[in-house]
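Each of the next two complexes has chain A plus one other chain: chain B in the first, chain C in the second.
And then the complex of A and B:
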């Protein structure tokens, strides 16, 4: 009951705070909020596949990258909202195409394969761009930051809503059974291949759109940056730090990271990967349920 | 009426013949036992029927419908559900959630969470696990996890259960309880069972008919009394 209360009160409060933020009038604050919304959207979508099924993807950035690329190719020719939809659609289609072969392997093989695929996609796009003589593409007519913020905020809410819906649906129960024991799940009638594929596609669409919006913010496309594996590492770390067991986890993890990065990494960027690694180890060893585990313990004590 | 018909099933793993030309049929409502030493092919036969292993030859039909070549989840939805010799609980979720997944996806697949919950609770009650519904499945004792295997198979709404050594590792008292549970299930739900069991007393007491396998070859089929008196069976078991 307490848990429900916390979510019922906390959820709308967060949404209201998010909506009110641009009216505070500080671009600096909005920039931070934009990043926060982006990480929530990405980590929440990642959790739909990886936290639910246990298929830990280390290549989630590939969907952002594809989304960015499709967006930069279509924006201008098509109206911006349509181009963003194309970005999401392209990421979804890509997940559908690579999902069947990729989701056949489990455990460490899946981790390595997703990482490798993302790198492969990056290099392919880099080569295409190089052969076209394009080293970076610019966007000149990007909307103002508050518009972009609202779009990203909407994506964070949509991603969170999707995660909540999946968790409480028949699909979600099937995915958890797959995570706990795939063969046993199949033996009780769970169509494992189909469910994994659905989760993979659902998890891919939002990052695709995020990729497009991110481009509008940075205002240029450069393949190596759009497919930067550090984005994938960050997503996994945020999910683990926040806690994989609940929908709150990705929100708490993203919040912790964005705050840390403002306090620390903005001044010492060379420390980023070191701190990422250290946090990952500390949390896995000492707080496997992540920051949201702290809430659960408090709730359980009451 | 025949519910399961197995015709000429063979399975080789490389040079090893795990099953050679196995044929038998199971009557609706019967308890059909499988016996044989370790490596006789009992579990392989289960895996062939349940769809986890594709046979090299032969066919299996359930209610006059060929099921060979179908996926395990499809076969489950047609009404056959198996348990695993080495238990495979969904350890990180509650006992009740374990069976709810079965009820949502099995043969009696329901899209209603309330219905699935009801079917799940009924399955837990049938195996005597209702008191542990809120425990994590991983916290159950081995005996509890064996019962959960059965409950999960039951909750799918299956008409036929393949139980793979559900009594192995249990104490004599627990075996007695398990025999009572299975007899009650058969009576109350009109289910058909196939049992693989090393606990001979239990197999003899429960089964209507028994198939004996030796290195994948069927050596005898008949009532428990016929099997116990069969010279080939005695030779394999006692030399």
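And then the complex of A and C:
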């Protein structure tokens, strides 16, 4: 009950704060909020497959990368919103195509395979670009930061909503069953392959669009950067810090990560990554359920 | 670091006193972000060193001339982790939160390109430096300028003409897959064809290559009399070491990025003598009276030679800014006007922009000759004649 209360108060409050922010007129603040929304959208979408089923993906960036590539190819010929939709669609189709073989392996093999696939996709795109005689691509007349912020904010809300819906649906219960014991779930008639594939595709669409929006922010496409594996690592880090058990987790994790790095990088440019690394270790050792676990413990005590 | 900064400000303060300024002027704050960590971290020192040398020199001379008033300078810096998205945020912070007076450029083409819209939006001028791509020309002119003469289409054309004039008849091209290498190659291959130079070997390799033996053996077997290594720093070092082992015989050898680093000659010594590379600045060009003093000051401060590309470009960009501010003061629109129209006197000779590009400095080539970087092409700026490579 209390948990519900917290979400009912906290959720709309966050949304309102998010909507009001651009009117503060501070570009720098909006830049941070843009980043925060991006990480929430990415981590929340990641959690739909990985936190629910325990299939931990280290290659989530592949959908961002595909999205930004499709976006840069279509933007200009198609209006921007359509190009963004294409980016999301392409990422979804990609998930559908690679999902069937990839989701057959489990545990550490799945982790390695997703990481490898992301690197493979990166190198394929690099080769394609090279053979096309394109080495990097520029975007002109990208919309202003506040427009981009609203799009990204919408994506964060959408991906949180998707995570809530999946969690409270039959699909979500099936996914949890897979996490707990895949063989048992299959034995009692849960269509495990189909459910995993649906979750994989749902999890891919939002990062595809995020990839396109991110490109509008830097107005520059280069394959190696669009598929930067650090994005995948950061997503997993935020999920762990936030806690994988709830929808709150990715939000709390992204908040903590973005605010902390914002505080740290300006003040301790040399030590910043070391401090973040140490914090991650501490979290895994002492707070395996992350920040949201902390909340739950307090609520349980009350 | 802080001690060094303190020491610097003490020296600066001393200089101000010595100059007889009665009251201490507010420092002019200049912001930049640098790839101190991440993919490009290797390249950062060349540029940061040049900035800090410039800061020292300006402060020692009593400060930056701001439309007639001398004020000390100080840098406000952040690490962008080699990530353009971070750099965009940092420059927004520098402009809107830190409210710096001036901006200096970051490292690399992607980050320069990512910043162009931010600069236009805030109407904040910035003289770029370490960016090289034909795409620079597509950037809307206004608040960013590129002093480099390393523009891939010109490099391809000039290199082919240079090779032809030295009697090259066939060239083996080995190229990193990273953007600058590929871009140059796409212009070089047709230019070679036009000059009637055959290309028996034309191969790409990945950025993290650890062994070039197969490619170099192929090159040797082809009998090409030029080896064009379109390399980035780490593979430039690898190439020089392995070419020596395998006895590459071509008399014309070019290595793209890295050969201008002070550490390149320090690490590889005699064996890299007579290697050709891309660059448009040499300390030995007598027509540029500021070139040699810059070289000497840099060497005295850091105990190594400046990078003839990045250090020189970084220093030039500060010279341009300095001269613009001397006439325009700190008003952004006046600075923009000044940079767009003035002719600047730099360590690389006179520089003038048309749109975003420097139109004065010719695309040139350098050659390592007995420990020194000499301009060998084109004839209008050359400091020494080209020498064929005879051994490693």
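The criterion applied here is as follows: the second predicted complex is superposed on the first by the 287 of 302 C-alpha atoms of A that agree within 3 Å, B and C clash if a C-alpha of one lies under 4 Å from a C-alpha of the other, contacts with A are read in each partner's own complex, and residues count from 1 in each chain.
The rule we apply is simple: contacts are C-beta pairs under 8 Å (C-beta built on N, C-alpha and C of every residue); 3 or more make two chains touch, one makes a residue touch a chain.
Computed from a predicted model, the values in this text were never measured in an experiment.
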(Q) With the two structures overlaid on chain A, would chain B and chain C clash, or do they fit side by side? (A) fit
Q: Applying the touch criterion given at the start, work out whether A:288 contacts chain B, chain C, both or neither, answering first, second, both or neither.
A: neither
Q: May I ask you to decide whether A:173 touches chain B, chain C, both, or neither, giving the answer as first, second, both or neither?
A: first
Q | Which superposed partner A:10 touches (first chain B, second chain C, both, neither) | A | neither
Q. Which partner does A:116 contact after superposing on A: first (chain B), second (chain C), both, neither?
A. neither
Q: Kindly classify A:187 by the partners it touches after superposition: chain B alone (first), chain C alone (second), both, or neither?
A: first
Q: Check whether A:107 is in contact with chain B, with chain C, with both or with neither, and answer first, second, both or neither.
A: neither
(Q) In this superposition, which partner touches a larger number of chain A residues, chain B or chain C? (A) C
Q) What is the contact status of A:76 with respect to chain B (first) and chain C (second): first, second, both, or neither? A) neither
Q: Check whether A:144 is in contact with chain B, with chain C, with both or with neither, and answer first, second, both or neither.
A: second
(Q) So if I put the vertex at the Cα centre of chain A, how wide is the angle out to the Cα centres of chain B and chain C? Nearest 10 degrees is fine. (A) 140
Q. Least CA distance chain B-chain C after superposition, rounded to whole Å?
A. 40
Q: Write out the stretch or stretches of chain B touching chain A in their complex.
A: 50, 52, 71-73, 76-77, 81-82, 84, 88-93, 97, 100-102, 104-107, 109, 111, 113, 152-153, 155-156
Q.
Under the definition above, what is the set of chain A residues touching chain C in their complex?
A. 26-28, 31-32, 35, 123, 126-127, 130, 133, 135-136, 138, 140, 142, 144, 214, 217-220, 222, 224-225, 228, 265-266, 269-270, 272-273
Q. Where on chain C is chain A touching in the complex?
A. 36-37, 77-79, 83-85, 88-89, 92-93, 95-97, 109-110, 113-114, 116-117, 121, 133, 135, 138-140, 177-180, 182-183, 186, 204, 206-207
Q | Interface residues, chain A side, partner chain B - complex | A | 170, 173-174, 176-177, 179-181, 183-192
